[in-house]
Amino acid sequence: MSTRQTRTAARLMMSPAVVLLLGWMIIPLSMTIYFSFLRYNLLMPGTEEWAGLMNYRFFLTDPAFFSAMGNTLLLVGGVLTITVLGGIALGLLLDQPFFGQGIVRILVIAPFFVMPTVSALVWKNMFMNPVNGLFAHAAKFLGMQPYDFLAVSPLFSIILIVAWQWLPFSTLILLTALQSLDSEQKEASEMDGAGPVSQFIHIVLPHLSRAITVVILIQTIFLLSVFAEILVTTNGGPGYASTNITYLVYAQSLLQFDVGGGSAGGIVAVILANIVAIFLMRMIGKNLEV
Amino acid sequence: MGSISLKQVSKVFGDTTVIPGLDLQIEEGEFVVFVGPSGCGKSTLLRLIAGLEDVSGGVIEIDGRDATTIAPAKRGLAMVFQSYALYPHMSVRKNIGFPLKMAKMDKAEIDRKVEGAASVLNLTDYLERRPGQLSGGQRQRVAIGRAIVRDPAAFLFDEPLSNLDAALRVNMRLEISELHQQLQTTMIYVTHDQVEAMTMADKIVVLQAGRIEQVGSPLDLYHKPRNRFVAGFIGSPKMNFIEGAEAARHDAAAIGIRPEHLSLSKTEGDWKGTVGVAEHLGSDTFLHLNVDDIGAMTARASGEFDVSHGDRIFLSPRADKIHRFGADGNAIP
Amino acid sequence: MARATSIQRRWMITIAAWSVGLLIFFPIFWTILTSFKTEAEAIASPPSLFAFEWTLENYGEVQERSNYFRHFMNSVVISLGSTLLGLIIAVPAAWAMAFSPTPRTKDVLMWMLSTKMLPPVGVLIPIYLMFRDTGLLDTRTGLVIVLTLINLPIIVWMLYTYFKEIPGEILEASRMDGATLRDEIIHVLTPMAVPGIASTLLLNVILSWNEAFWTLNLTAAKAAPLTAFIASYSSPEGLFYAKLSAASTMAIAPILIMGWFSQKQLVRGLTFGAVK
């Protein structure tokens, strides 16, 4: 609904954003694809040569890839389970009227604003450290042997840390969704004789389904790329016990300087993320009216 | 200043033709009302004149100058929108002065003009307020003020009263008419309300499906509607249409008779009918009747005419007020 | 609420909600508390909650030993710079999409969103090499560029949803009033969209401030923002709890405060308008 002039202007004004993002997407990505077919190590400059699918073959058959793949799935799945279930429970709790609602809300969402390196270090040193950590103090107080979280179950510890960071996000979104639930609908179902449980199953959960889907998809996108938490706590170890795909690619390319192999890994990560992205885009696209 | 002519103007949105090609001449100083049911293209036509939309074909001339591709701001027209479209972050003073600021007029001159417009519109006490702090009628006046200060060649009004309540609407109608008397500037006014059209216009343009059905003075349209659509659209309550044998008696496919042109009697008349609902307005009574052999009709009686549901009464159309229409819907002279 | 909740039930929920809230907040609280302890007290067993000697020396020492302020300023420059640059690019684009939509607008929006889903490792190597070759490695400029591009889709999207709420008639009125496109955006659209632009700005500063993939990979000592600076405490020899706490407290405090202000917009921004 406009004139030719405004339409032309509109196209002009959109172009910087479009061109920049197009460049950001296409140039590095095609370079990564190109590198992934090369034998290319930064420590041996000038020896680049065409390698065909060799990098992919090495990367995909590397045992490290399998454990990284498994760790990625465990990390994503574990954090999602904790945050979605916890988020629903917390959302339902905070949706009730109680004293100091605003303050509790602020307390609950706070971890989301803590930068990943800070939360990882605080948890690593001040809570999970087997000598001086708070958990160790608690264990000693109870007469138990302190548990060396990051050495014995590194992935589980990282899942805990990441879940702590993302629980506020899911809680906030599910709480927002809960608050948009028509109270008349709830009252109507009460009039129809629904108890709290069947009300939750038949009214609340269907209403939340959209928000839950959004939480799952958006968190998945971010959780596939968890990096800083691993870097500062375990460096992916011991061995590959807490290495995910993102960290594996980082280690291969910037620690071992294997550009070819790292690029192949990067492309694999892109493909994995795309599978999730397709679902997310459908979700968001469906309720976008232009 | 202020004559506008449209020559074969058409507008197509994608696959839908909103205006198939239309000619219209608007004279200097005229108050022209575009009226028609919703979706008839009247607002689109106004937006084409304003330049907010491109024409798909044809020529728009303002004061004899081809304005078809000129930017809205350069056409010398001012528009009052349905939602008033006031700038919520500016005071009334800034709102009214905005077009002058855009024209790079100096500050003292802007102040002088804004205060002039404000005193005409009784807004002097509200100049420092924000639109959000004003009533609907006041906002409407600010929107008009913003149009006035530009000394436009013509004012365009897009259903300006539809967001006001009934009482205020009557007031504003009068104010706009008075403004026109004072300024003698061309005004083009879009509405779906035929009462507004009848009471305000020098010239009414009745539109349907992007086509002009008839152009004329309010009384022209009332007395000599060119076809059934105009006959039915102008006048309240609506004209009664009768088809079949009764129409054939008048050599027509249909005849029309306005409710106010039916004489009522309890004793004698041409037709006989049963009163369904009687709406007593005090000055008038509108009767919704079921007339034998003809069907539902509406009639206007004086306020003293005392009938109620179920009464049998007689009706006679005034012979000189019967409108005859052919099978194509056009009036037969 | 048509029904009065019994006061007893209300107290029970209050207790439950506060317990959970305090539990979740506890790590942050403990960090802040530890930052006021001496190093000895910070690792004392059993740890003391309040009965210790409060000290501010950790804050001073963090600044003295590692020039904390420089990293803080890096964070400020990088997050504000990338957000402002992003806004300058995004405001016109969002205007175009909100007020002059074409049948393709939806596709463009979705495509922009899809760039956000590109995992950073997929482009890490080329970006790293390009930065190395152009001297952008370990510079604020380099990070501003990368973070602008990363957050641009979110900025465009948020602005788009806010602009959509502004009636187009007001912009048309300004066009009738003789405003050029520039006037229209500067004098009419932007002031009306101030709340939306402000929350977009806030959320993006937060996201950029906490971004920890590119900041860790593209900086060394010089341009490192707080994310990367804090990471340097992970080496075992740097294990000073009180100082780590002081540095952490200073790194999260400003963003925590901003975050609390923007909690409503957070939902909208992070779900691309899918949940409001």
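Miscellaneous remarks
The first chain written gets the first letter, and so on, giving A, B and C; residue counts start at 1 in each chain.
One rule holds for everything that comes next: a residue touches a chain if its C-beta (ideal position, glycine included) is under 8 Å from a C-beta of that chain, and two chains touch if they have at least 3 such contacts.
Note that the coordinates shown come from a computational prediction; the quantities given were computed from them, not determined experimentally.
A summary of chain positions shows that the Cα centroid lying nearest the centre of all protein Cα atoms is that of chain C. Annotation: A-C is the more contact-rich of the chain pairs A-B and A-C, by number of C-beta pairs in contact.
For this pair, chain B with chain C, the centres built from the Cα atoms lie 54 Å apart. Chain B has its Cα centroid 59 Å from the Cα centroid of chain A.
Put simply, the C-alpha centre of chain A and that of chain C have 16 angstrom between them. With touch defined as above, residues shared between interfaces to two or more other chains in chain B number as follows: 52, 71-72. Within chain C, no positions touching two or more other chains are listed.
Contact with two or more other chains is made by residues 1-2 of chain A.
The residues of chain B lying in touch with chain A in their complex are 51-54, 71-72.
Residues 1-2, 6-7, 9-11, 13-14, 16-18, 20-21, 24-25, 27-29, 31-32, 35, 90, 93-94, 96-101, 103-127, 131-132, 134, 137, 140-141, 164, 167-169, 172-173, 176-177, 180, 183, 187, 210-211, 214, 218, 221, 224-225, 227-228, 231-233, 245-246, 249-250, 253-254, 259, 262-263, 265-267, 269-270, 272-274, 276-277, 280-281, 283-285, 287-288, 290 of chain A touch chain C in their complex.
The touching residues of chain A, counted against chain B in their complex, run 1-5. Per the touch definition, chain C reaches chain A in the complex via residues 1-2, 5, 10-11, 13-14, 16-18, 20-22, 24-25, 27-28, 30-31, 34, 43, 45-47, 89-90, 92-93, 95-97, 99-102, 105-106, 108-130, 149, 152-153, 156, 168, 181, 206, 209-210, 212-213, 216-217, 226-228, 230-231, 233-234, 239, 241, 244-245, 248, 251-252, 255-256, 258-260, 263, 266-267, 270-276.
If you check the complex, the residues on chain B that touch chain C are 50, 52, 71-74, 77-79, 81-83, 85-89, 98-99, 102-103, 146, 150.
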